[in-house]
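Here subunit A shows up in two complexes: once beside subunit B, once beside subunit C.
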Partner chain A sequence: MELLRDKAKSLLKSGAVQVVIGYAAGSATDRFRPHFARSADEADRLVFGDGCRQNLAVYLLKPEVRAMGKAAVVGGPTTLRTLLQYAVENQVSDGSAVALALEDGRVEELTSFAAVEEYLAQRPHGLSEEDRAELEQHAGRSREDRWAYWSGELARCIRCYACRAACPLCYCEQCITENNQPQWVPVASDAFGNLEWNVVRAMHLAGRCVNCGSCAAACPQNIRIDLLNQVLAQEAMTQFGAEAGYSVRKEYALSVFKPDDKETFIR
Partner chain B sequence: MSESSILQRASLGAWLEAMGRAGRRVLAPVQEADRVVFGTPSAPEQIATGFVQTPGSAKSVVFPPFDEMLRFRTNGEDVHVEEPSIAAEPTVLFGVRPCDAASFATLKAVFTWDSPDAWVESRMANLTVISVSCTQCDEYCFCTSVGGGPGSTQGSDILLTPLDDRRWLVEVLTEKGRAAAGLAPQLFAPANGEAASKEKLLAQVPVRFEAKEVAGELPSLFDHPEVWKEQSLRCLGCGACAFVCPTCSCFDIQDERVRDQGTRLRCWDSCGFRLFTLHASGHNPRHVQSERWRQRVMHKFSYQPERLGVTGCVGCGRCSRACPVDMNLGEHVRRLSEMSV
Partner chain C sequence: MPRIGVFICHCGENIGATVDCAAVAQAAGRLPGVVHAVDYKYMCSDPGQSLIKEAIREKRLTGVVVGACSPRMHEPTFRRACAEAGLNPFLCEMANLREHCSWVHEKGEVTTQKAIDLVRMLVEKVKRNRPLTPIRVPITKRALVLGGGIAGIQAALDIANAGHKVVLVERDPSIGGHMAQLSETFPTLDCSQCILTPRMVEVAQHPNITLYTYSELESLDGFIGNFRATIRKKARSVDESLCTGCGACIQKCAQKKIPSEFNAGLGRRTAIYVPFPQAVPNKPVIDRARCTYYKSGRCKLCEKACPTKAIRFDQEDELVTIDVGAVVVATGYDVKPTSFFPEYGYGEYKDVITGLQFERLASASGPTLGEIRRPSDNEVPKKIVFIACAGSRDPAKGIHYCSKICCMYTAKHAMLYSHKVHDGQAYVFYMDIRAGGKMYEEFVRRAVEEDHVRYVRGRVSRIYQKDGKLIVKGVDTLLNSRPVEVEADLVVLATAMTAQPDAEELAQKLKVSYDGDKFLNEAHPKLRPVEMNTAGIFVAGACQAPKDIPETVAQASGAASKVAGMFSRDELSREPVVAVVNRQPPPVWSTCVGCFLCETACAYQAIEREEIRGRDGSLIRTIAKVNESVCQGCGTCVALCRSKSIDLQGYTNEQVYAELLAL
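Moving on to the complex of A and B:
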């Protein structure tokens, strides 16, 4: 904790950044909230612990935060991957944000995309054992079982769009679900409308999702929507070799055209 | 009109059965997998107890996430319109918290203040609320700051207070309550002074601010240069707070049309969304999140008390539990109340 606070203070003092986006204590002992440290006093409120899971990179694109100047963002591997995916999608330029990578109480300051790439290259890629086991369990169920599961889960969705708001890669100025001419996605939060919304969102994130889990953590209905993203991330990896957020040179599958594409419909 | 009696918990099944025989639909908090949701219990054991608060509010019983307003079909210049029936099913809402019972007064004030809303009004007229006092609370509860309380009878037709793990103290509060208890009068035994012990059994919910004072002070903070921005800096602009809120009543009307036919729907909306106030011209009178957050607080704690004479917040704490970034309404309003003194 002290290492993080000291690092934040030195970055702020030297003028290297104007704000450190981290976590502070929240409403309950097991709850943390995003915190924007702009002074040494504010840096003293930074904390880091097991419950600090929200992907804070989401704030890098927020106009109010951008107006503060250069930011350092605190986080783990998925936050770092978000930075690289932002780079691929031209949302953040090299050197315009600092990452403070936290691991086992140590803080590493990463000031360039190359440094982030190098850091991530030395760490395991892909899904955790836990996530993999969970996906395999789902995949092992029959088509009918999976349909029943998702129909039931998505019927609970209240269309509050907390998933979209918490997702750093859902940054469209106007979301397709808000388009009503034509009305691509049904507005009613019934089973069909919710299925359409959640599937459209998952498809738009295919090959882009960095698996931070912020969508599911944000869901007030406790729907594991991140599982949809994880399946599609694996699919994108298998089909196109696209693993989001490990390299700034990686094009993501849904935005490139190749004359020798393996699908005939697109050629 | 409060009349006290005693009901054995073991008699609940018989009472619910009597309600069913009388043609009333029963909705109650039921445990479903790892969540507590409002549903129709098939047996009294299914009714969840021991929770502080349900994640979703009871407002959907009278104001569901979406309502079908009408169906239409066009044939050249001809438009054929079909309006769905608004007749609501007689419903008993059992086992809600006193804050949820109180929320119906706010909803009623909103939905009847100029032209009565036929759907909401019909559902309310057919609704009997049987609430259960709170014997526990958490760090998000602040009903006592907004005129409510863990044993408040406001908005309930019947209030049950757990005396021990076998018995409830029953307070019948309205004609509707009397009718519901009258469906199985033999189950209710006269109270012998148990009512006197009610207060001691209730949760201790600390008072964080005085809503009446806050209502008077908020207008002077409207143009505050910092506080709304500071409080909303982490707000992501989603609708989780509004959609779990028992009193948020904003909706959006949209036509869903496929070729020559369609449906007019009204769906929950939230002042936290950027789109909420976006004009067709592209202009947005609340163009930043701090202005949307200010609207949320002002509407609940200043405009509604002033214009409708009701509190726009019942202190259930759901918004703060649901918020992905831990925006804590009780804490923020307390801070505002401290600033303005």
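Moving on to the complex of A and C:
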């Protein structure tokens, strides 16, 4: 914790960044909220703990945050992956943001995409064992079972779009749901519209999602929508060898064709 | 308020017999926004078109729906009619009541109902149509011809003679192609090189033709009228500007036993070589894979021999970029080798050769100086067997098609043999004789009647060697399928003509379609035989399908006249069906977030970056922009865009959605 605060203070003091995006204590001991430290005093309120799960990279693209100047963002591997995916999608340019990578209480300052790539290359890729086990458990069920599960789960969605707000890769200024000429996705919270919305969101994130889990964490109805993203991320991996957010040179799997692409999904 | 006119065509009986056209018109008349609806026997006829024009003027129509055939057939007709009456042609849409309805359904209530549905969809669409104007694109009046065989030579000369610049690219060290290898040509028996070499020289001397030999197409970008070709000039290892073609280097070369490609493997060449004496250009190249210097680092005999110091061992491949307006693909064919035939000895019998090898034996410039001598012992064969359809028309060999030229050249071969070996006997095993063409049948009859070639109708099951002879076991199906056995001295296989081994790769480079046999596809088998589906790319010769010289030359001239026709205009006009990125008033500017994932999805490199800047020049944001002259309107970017910031003019999301909702 002290290391993080010291690092933040030195960055702010030297003028290397104008704001450090981190976590501060929230409304309860196990709750945290995003904190934008712009001075040494504010940096003293930075904390880090197990409950700090929200992907703070989402704030990098907000006009209000951009207006503050160059930012440093605190986070783990998925936050770093978001940064690289932003680079692939031309949202953040090299050197315009600093990442403060946290691991076992240590802080590493990564100032370039190359440094972030190198940092990630040394750490395990893909899903954690638990996540994989959970996916396999879902995949093992029959098609009807899964349909019943998802119909039931998505019927509970209240269309608050908290998932969209929390997701760092849902950064469109005008979401498809806000488009009413034509109205692609029905806006009312009914079973069909909910299904459509959540499937469209999952498809829009296929091959881009970095599996940070912010969407599920933000969901007030506790729907595990991140599972949909994980399945599609795995699919992108097995079909195209594409893993989002590990390299700035990666091409988007869904927009490029390579002669050696597997086409096992065409039956 | 929209004022839509609906015009239902009977197409004679085509639609009228199955669909109740009057009922469709009546139903259409009740649709909201439709102010005029009629049916007529032939809407595409002059009186039919007049109906449309009059209605546009009298009823002040804002949109027209013609319920008739496929838009592929008559959309231009009806759009032109609308334009003549003063309505923007893109406010006219067609409902396909023929291919999509009457032709595929039985007569009945439901069929008529479907026709009404189709019309209703298009009425909803046309209400949302916006006037569009055609896009004008400039033309670069320079053509690229790929392949320097007779097809490429002919096309290049014709285009050049029409007054346009041509770049001719050939991957071998000399132009000439397969035709230069042939001895005589059917059905006149005039010497192939005698009629070809004047054309080759003309190419070399033509002021409008730039010749790149020993070069290959690296990539082709762009679109009709505005292609950009990158050509790899492979290192010749010889400075062409200094070389005089004296041949001193060739005489000194230490490698003398390399099978000559030009002689189809029957002759030998050196590592520094010109493929044949009349080569154009007559400048040697070093075959680096075979050259002693490149293999061992020592030798350089050629360098010492060269009087003009033209040898360049350190020369590197050069990439040349050229802007061209049209491309003619004339990359030719390949033939199956004898090793393709296990039943005929896997290519291990020296005296079983291909037709192309026989051409070299019969040619005065060949390894035997025109005498027919067999490869194994240089003896004159007294009995010779020609096998037509070796591989062709044989589904078991994976070749379904007829190679088309073998019947004729086999007759020619047998004839040439009879002319040169007076005491010899020629046999031809054949399946059918296909001699369609001017003087072709007469030619084959001459082989049989005047030159006494024995034609045996049947196939050869096996060839094996015995006592220095080749035993050819076949069958004569005209004599009760009696087995026939010939003890031959030489066997010539008319092996199948195939696409070039890298035809598929080339097609992908050019983004043109090809068939299962890797032959390139013309745009229409009957009506557009020299164009390809990619606009601005034309095809000539055997890269499209097996064909003989007259046909190849005709197609090459056809392709050249298409190119010349295109170049006779200063700009092209094309349909404005292109993608556009939306623009909105500030502070939104556009809903595009500039992720540029569409950039890689676009197969035509049509996505560009547009910087939106404030009055003080500061960058506000960077968004995608579609280059309308490059965009082909395929819609891939539209589907990919998550925020739906790209739309396809003429097929906007709004229009298609309205169509579907009307259903």
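The rule is simple: the second predicted complex is superposed on the first by the 256 of 267 C-alpha atoms of A that agree within 3 Å, B and C clash if a C-alpha of one lies under 4 Å from a C-alpha of the other, contacts with A are read in each partner's own complex, and residues count from 1 in each chain.
Note that contacts are C-beta pairs under 8 Å (C-beta built on N, C-alpha and C of every residue); 3 or more make two chains touch, one makes a residue touch a chain.
Quick caveat: nothing in here was measured; it's all calculated off a predicted structure.
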Message: Counting residues of subunit A touched by each partner, does subunit B or subunit C come out ahead?
response: B
- prompt: First (subunit B), second (subunit C), both or neither: which does A:W184 touch?
  reply: second
- prompt: Given the touch rule stated above, what does A:A217 touch, subunit B (first), subunit C (second), both, or neither?
  reply: first
Message: According to the stated criteria, A:V256 is in contact with first (subunit B), second (subunit C), both, or neither; which is it?
response: second
Field: Touched partner set for A:N90, first subunit B, second subunit C, both or neither
entry: second
Message: Under the stated touch criterion, which partner chain does A:G51 make contact with: subunit B (first), subunit C (second), both, or neither?
response: neither
- prompt: Should A:G76 be classified as contacting the first partner (subunit B), the second (subunit C), both, or neither?
  reply: neither
Field: Intersection of subunit A interface sets (partners subunit B, subunit C)
entry: none
- line: Per the touch rule above, subunit A residues touching subunit C in the complex are 89-91, 171-176, 179, 181-182, 184, 204, 251-252, 254-256, 259
- line: So, in the complex, the side of subunit C touching subunit A is made of residues 508, 588, 591, 593-598, 600-601, 622, 640, 642-645, 653-654, 657-658, 661
Message: Under the definition above, what is the set of subunit B residues touching subunit A in their complex?
response: 34-35, 37, 55-56, 65-66, 138-140, 229, 233-234, 236-240, 242-244, 252, 254, 256-257, 265, 267-268, 270, 273, 275, 288-290, 320, 322, 324-326, 328, 331
- line: The subunit A residues in contact with subunit B across the complex are 26-28, 31-36, 54, 58-59, 63-65, 156, 158-162, 164-166, 178, 180, 183, 186-190, 214, 217-218, 220-222
